[in-house]
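Okay, here's the structure, questions in a sec.
Naming follows writing order (A, B, C and D), and every chain is counted from residue 1.
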């Protein structure tokens, strides 16, 4: 658990701004945010026993941080491991990494704009990975998921597997399907969310699930009206403004019992 | 958090009557109720990171109170800001207001009978903002939502936007669609609920969601039988009688961990 | 809250048998059970701000006990009031009764076998009060709800009302529709559950909701297979055997944080 | 509740491996795991007042352990009873066994590979016991439920009953329908899950429910794409590898407030 005193000093009260996007961040604070991200995603039901979230090293763009193999609800600072962009652990110290760390490695390698990656199996999102129904933003808070969410099927290139993204080749193929989008679904498995910061990736993952749940309830009522391309672009910008992003990050931190880092 | 001793003195035990409607109320108690309203709406899942609730100043009908930009679950007395009916903050003291405070300003300006306004994105309500299925009261506890709930689409008059109600013109247009009703839905966004008191607005917002969820489950079973106009009018009166209103306000306060103010 | 020491002495450990059905019971313990029943129904989401549960007086079959007007989650021993079978309070001591106490009065008057009555608006049950889809037992734990669940519509005899059962005439008409069944639905309003003991009425109300929720999920999958009449009768007997009833009463008490009385 | 010190010594920290499958295990630790299993299944909503979980004795393959008749949420070490494979209690000490212990007895007798059995009525699974819709794995975490899940109907051989599996003949008939599969559904009643260890049985029961819930939400969207036979087999192996099994067991123990035994 993060220590409150230091974190609150950083925040300077209740409504502090958090640094965002490409801005330089110091490593200890970024790792504290990564622990918070784990706890938030668990607390919101985006991840359960499985799923993980990583952050690119703020000083070294060829490295990223990810917990050892542990459920996000339980992740602590000491669980965080550093990885190269081929998925090699820098200093494992006997800790076992996740089997699917290649998802993160491949997305960072392919996308210079991405600072954080979430992989999850949110239950509300899963129906869209096994049916032809497209997952599209229908409510403004979910505009951040983007206009297009492609679906990747490991079977297409790799045949009958255990469904896990185990190799850098599989990760790269997934990243190629993600392309310039923010989210990609994985058939019968889950999703990957890419963000320009830990906070953005976490909030996108949360509202991807909210949007999926709204859509699941709306579809039996008739064809849902989608947001227009312009609405998606403008609303996403508003949702990632400090006004909205700081508010929601503080909220989700409070619910998860972690201090905003 | 409200201090228990003072609040309980006001209540005089468990079954106290709370002042209602247009009756004069003193400001400190009204603001304590507004804090309670924030916590209740968060606790019942009507609002999440986003959404807000306001109250008209009991001494000055041209002013209203609303939290600074903060998630309702976290709002405290010091967060409450006073606004004029054009949305100008009276004494901001460095606090940042919500981007959508114009919703509140415009409804108070248009509707002399309204003392409290809730804006929210309750997940169960959202499907009715993106489909043609009308949201109508089907259970008696939800009669307070009223017989007609219009849907407002910002795109109709303002084209491609970030979906937020940012200007007093947009707010006024929304208020014109609300007209004399209690609730209005906003396409792809959420809802606005108007009440003759904080308690009424909060309870209406809660039972709007209950009614929406019941309807979502009933629709696949066949055409739901609506309440008649007479049933809606009479039942709403019963739901806002002291017998029902005091009981439910005490209940929702207890669930949210706040003292009835 | 019930005091643990006395209640546990009664229980004699973890697996005690509770008296059931028509057996004579002493009043203090029966009232403690009635408080527990209120808390359990609230904790399981069968009741919310509204709904109530009563018990016939074990010494005087022409009297019943019911809380003053208060949400079940908050009911304490001092809230319990005694009523005659015409709904008159015996010793109100300034306490305000529920507006719908006539439901209880009328059912006790009509049904000598009934010792406890629950009235509720469980959200999962409500869709069956506004559509033509019948609510029938489809899983064995819900066999106790009985083979037939009629639907009563206050409009049929009493026209446009506030939907509440306010008079003994309305209550009697509802009881006539209930007839010899265990449950009756009320159009656009909720349900009434009758039981041969507090424990039976509570468990029936809980599993009525479970069965409704299962049915809501099953109906889109195709026509659900109902239990046969013989299965319902035999399974209900098994569910109300000490083996099943004691186990579930202990369980629901523990979840609600009350001692089995 | 398990005592933390001893259990943590066994674990040796946060990421310990738990013994699996057919490996010899000592009895006290196995019974501690059985208590944990009860609490986990209750905490995840797989069981409610009803349902039970057993383990074969690690030293004597003709014996198994199961709680006395008590809801899983409340089970403690002293509640565990030893049974022969005909369902006879070895040393009852006045404790009352579950009426359906024959389910466990019969599965252990029929299946030498099974070390643990769960019987439950998970609400999400029940719709598949009363409709023709087959329950098949559609997400990789649920691959462990197996490619085929037969449905057993007690009525076929035993006519009109109370729906409970009371005799060894009924249990054996159920076990014959289970055959070599991992799960079997029981019409209008619930399911039985067999596992090569307590951890496997528990996780299979949890993800059976997850898969059922995903399928319930996906079916209205169109025909869900199932996992291929090869994907099921390979993914199940991955889900039961130490990497995944240890992680999820630690997670579900933490959520249930028990120490991994």
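Some notes on this structure:
Here, a contact is a pair of C-beta atoms (placed from the backbone, for glycine too) under 8 Å apart; a residue touches a chain by one contact, two chains touch by 3 or more.
Just so you know, these numbers come straight off a predicted model, no measurement behind them.
Of all residue numbers used where chain C meets chain D, under half belong to both copies. The two sides are thus made of different residues.
Inter-chain spacing, taken between the CA centroids of chain B and chain D, is 46 Å. The mean-CA centres of chain A and chain B are about 32 angstrom from one another, to the nearest whole unit. Chain B has residues 220 in contact with two or more other chains. Viewed as a contact network, the protein chains form a single closed ring in which every chain touches exactly two others. Note for the complex: chain A touches chain D at residues 48-50, 68-71, 73-74, 79, 95-96, 99, 121, 123-124, 126-133, 155, 160-164, 187-190, 216, 219-220.
Within the complex formed with chain A, the residues of chain D that make contact are 14-15, 138-141, 143, 210, 213-214, 217-218, 220-225, 227-228, 230-231, 234-235, 237-238, 243-244, 247-248, 250-252, 254-255.
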